[in-house]
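Sending over a structure as structure tokens; questions will come in a sec.
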């Protein structure tokens, strides 16, 4: 029995509010239950130095958490003077996940930065961030197409992400904070619409897992991502 | 004529959503028009070293802006490794403003940190932050009273803040970004419910101002703060 | 009765030694009583990136305090690895105050940096810094005129600054450390020779103040600045 | 055909030189082909603050790369003033991997830090680091047992790690730099002696992969780790 | 012929103004010609952690240079966020030099920090700093003796320092900036009153030197230090 | 009697393994007894900004110590966020020492960086670093000559370095850690093959030394460097 009363393969309520903020070229406030992440896409024509003049673009991400997004207040990273290892690991993952579905040559010499800021945290912030960032990116790219700045769509397909884990011996989908903090193993899967895997990361927290466990988690992730893809379609009006 | 079409002494629409987030002891999402700031109050029993064992509490604030709260994306301060001078100046002002209406001895040995994070910026973020932080603080202190952790109310009165400036030769209230960036002089007033001044700061941007101008701005600020106090009452259910 | 025995509207002894150091294009060692600040003006042809190629110059300031300028030794900011919020707030104020009286187009594509380093502190370091920095700037600009590097004088008028506060219920001028640390409200006024205001900042430390109080402080500031302007004239030989 | 001429399931030559340095409680210079990592284990009785007084120990890791371990010189992280996101991600993985096989209560109130410094890099530095760090840890723990500082062995079993990836459409084991930089997908597996998984991370670099691909990589990892466990036995004289 | 017209063994004019600042327990503004360094001694009862409870004291130093002490403005170290290698090297040398003549057990559990801040630079700032810091230290220790906080004098003897170098083939004493920047070899000698050496550092800048050269420089340093010791006596009224 | 049983003028066993790593243009693993330093030379065509376009090259050095190179684990400088004063002092010395024997015009517009990383420390790491860095530099320059990138040899002669000190009243050569930590005075000499001095630094740790002491140390250094030069010849096959 899950703390939340959900079935093992049941996602929390997903909501995606596209256009949540006004200045960004794309934005989405995504919720997986009580986890709420604001994702914005900023289109800039300046590229990182190592990419300039190659006729290609770049997609990157930054991640942050408001100090009191969590149960107890955390130190503000800007005040501490650096981003934690966890923050950097997450933002690298978000960037990689989105780049996997974008054709950089079609995007052309521009950079799109996805800022994913956690307003409220209840487990699964990085997977919500990836799923919501895709919506923000989609909206920003639609703008580029509409304005004629690019001719073809550089986004090949949807990408979504969800956490899964082994909790109390059972494989469960979309862990909330209560489950996450007591799970034996927990992982994040980034999947594409066509059923392939962009990234699979499963970590044993308390006890190791076997091949069978890995596959069970992957199958749960497929169920979750189907729901995420549907929500992405709805949010972007497709 | 103001860019927004408002009368010189007209505030933008104020909204305050108390309890916007779930984990903080107090929270308020405040909007002054398109400026939106999330304020949370976190109560902690640990005090800064220089205050320990003196039977008194402390109220402090931190301020941040999401990178794409603004028209063009700004550098994430956590990634840059330090808070800008502007950020530090603002968070010092917020802390001072709230401390002016709190009795630290009644508060007792606990610290309340007000995190003010700008979700969307359109001028006046620091004054919105002060006004919203008071609501978050009020809610957090009400909780302490309700739980019997403190016996008397340490908050002496309401505090509000608003910006005023001289724009196109006219003194105007509650500048939005368009006005702010072209104002001849602009200032922030932090006022208490009983009509006194906590802080007055008026800076000549393009041309200097005289005593008469200073007084005109102060009088506009009184009008604005009256509206803010009413909104604070409504948000905290008083 | 003031701790120093001064009358409420009495400044401490002002002294300004122009040309105190040899390498800077302009320099001034200013004292307000025991407060002593060394101000130097450095003229450079390189501009901050955002100003290049616009035919305009820039005036900026940096502020520092020797670790033992104060009663007890403070941490050296260079060793701590960053400038405090207070330092940044002050140096931003100094820069703004001087820019208010300089025509950047006449100055042309050059930057003048005012370094204000507190040798000894006894209250009012930021206002002494502004007043002394003007002298250093004046001397540096006189050099540019003399060498024919600029044709017209970009300095429109004198600027001076002084602190005022409410101490023991009385409005007093030019607070020393003893008064400053026990004042109910304290403020800094930056005024121009022609009687206008560049910046007014008044903060309630212990108790709030009213409009009448604000005006009384402003009037004291006018008295103090008159004396400062005279000293600036004398120091620059006008 | 692999650039190195190896069969798809063929590891590079593994060598482990236990006791490579003299001061550390345990040390191992591990090579996977041209990749060479020096791992040292330092036993200290001071614990991180959040673990003190709980009767438990801690195992943690730090990772570094000599600036010219790589084909072209990289910036020295100490000179740059911070560890990169990649470095932090790797050292977090090494620590987690070793903690998975250590009983912290048996270890008692002491911390063992594994420093993994890459002397020469040719792909697979993080997996070599985990495999070599286990040897250094084993030696350090043997010392604690020998000196009677702990009574029971806190290490439950061996842990090893190896990279696998899809290169030119084929799943291959233990990628060297040439393969790594052109692989379509690449992953790291941390496995225990008893056949379970501590961590699985597979990232699509160029093209996504499917469930079948994931399983093929896992099976290759099992082959590689068997060889690593044998080398660990030999190096620690078991 | 030296650029300044001095004889090879001729010091610049030395001046030492004891008690230059008011708050420090000891202070001295020292000049070697146009080089001017303000040295203050701060006595504190807190010790660095590794020295606490050992019945001994500590003497340490910090060094800084005002940004425009030099011919062209240098970056403010506090703004840059760190002390340069040069700064750290110098402050370590100053600390070592003074510790060489202080008995830490007699000093007792207190730390004396010598802050040496260069007001104006014209070569030889580090040697002026050492020589002036001794005066500040002497005054601070005299205060401790006078107040009865220590019973015996912990300062064993005077210490002084001077630079020497080979300029245009000739060994010269007390190099100014012009000589320093074109010297073939240049060194700093820290000597005690009784004729011994605390520190000798001689660096070939353009061409190497031999044993004979080293000795010639040392003999010049003895001449210079004799003059410094006399000035120290005079400044401290002995 | 020395702790190691060596005669006062006896070096520890010197070994130099040229070509220890594969990617660097030159490399040398040098040992002075148990002190082991890996030196690599990296040739790059980018120059520091202040040297560009002058037809000259640059030689610089960076120094580091693996955290457990020492008896007890030291903090990793990259994790601490800065290089210590000691590290910076040493790397400046290494760079200066090598530049003393290189003709920068013959080297042409390229920079050679010597990375000296201490694998194991037992006293004398900086002098081993200088001596080994020369070998790495020699190999890198031989490569440039062989590839015809430079026509003439820019290295004028060999440079070596050794520590000497006064231990138990006796002048001794090449101090190991036990001697170093108890020496009365200790110094480092950087000498050239032709018998001249590049750098002499002698510091009194416990008691001051006299001219005679300084000369005795220099003579010991000559003995040590002779042995180092022979080892350099052997390592570079001359």
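Think of it as A, B, C, D, E and F in the order they're written, each chain with its own count starting at 1.
What we mean here is this: a contact is a pair of C-beta atoms (placed from the backbone, for glycine too) under 8 Å apart; a residue touches a chain by one contact, two chains touch by 3 or more.
By chain, with names taken from UniProt: A, B, C, D, E, F = Ribonuclease PH.
Everything numeric in this text was worked out from a predicted model, so none of it was measured.
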Chains touching both subunit B and subunit E: C
Contacts common to subunit B and subunit F (chain labels): none
Chain centre separation (subunit B, subunit C; CA means) in Å: 28
Rounded Å distance between subunit D and subunit E, as computed from the means of their C-alpha atoms: 50
Inter-centroid spacing, subunit E versus subunit A (mean Cα positions, whole Å): 59
Multi-partner residues of subunit A (at least 2 other chains): 81-83
Neighbour-by-neighbour ring order, given that subunit E leads and subunit F comes next: E, F, D, A, B, C
Parts of subunit E lying in touch with subunit F, wherever the complex brings them together: 82-86, 88-89, 91-92, 96, 100, 187, 192, 194-204, 208-211, 213-215, 218
Complex contacts: residues of subunit E adjacent to subunit C: 21-24, 27, 34, 38, 40, 42, 44, 62, 64, 66-73, 76-83, 87, 113, 115, 117, 119-121
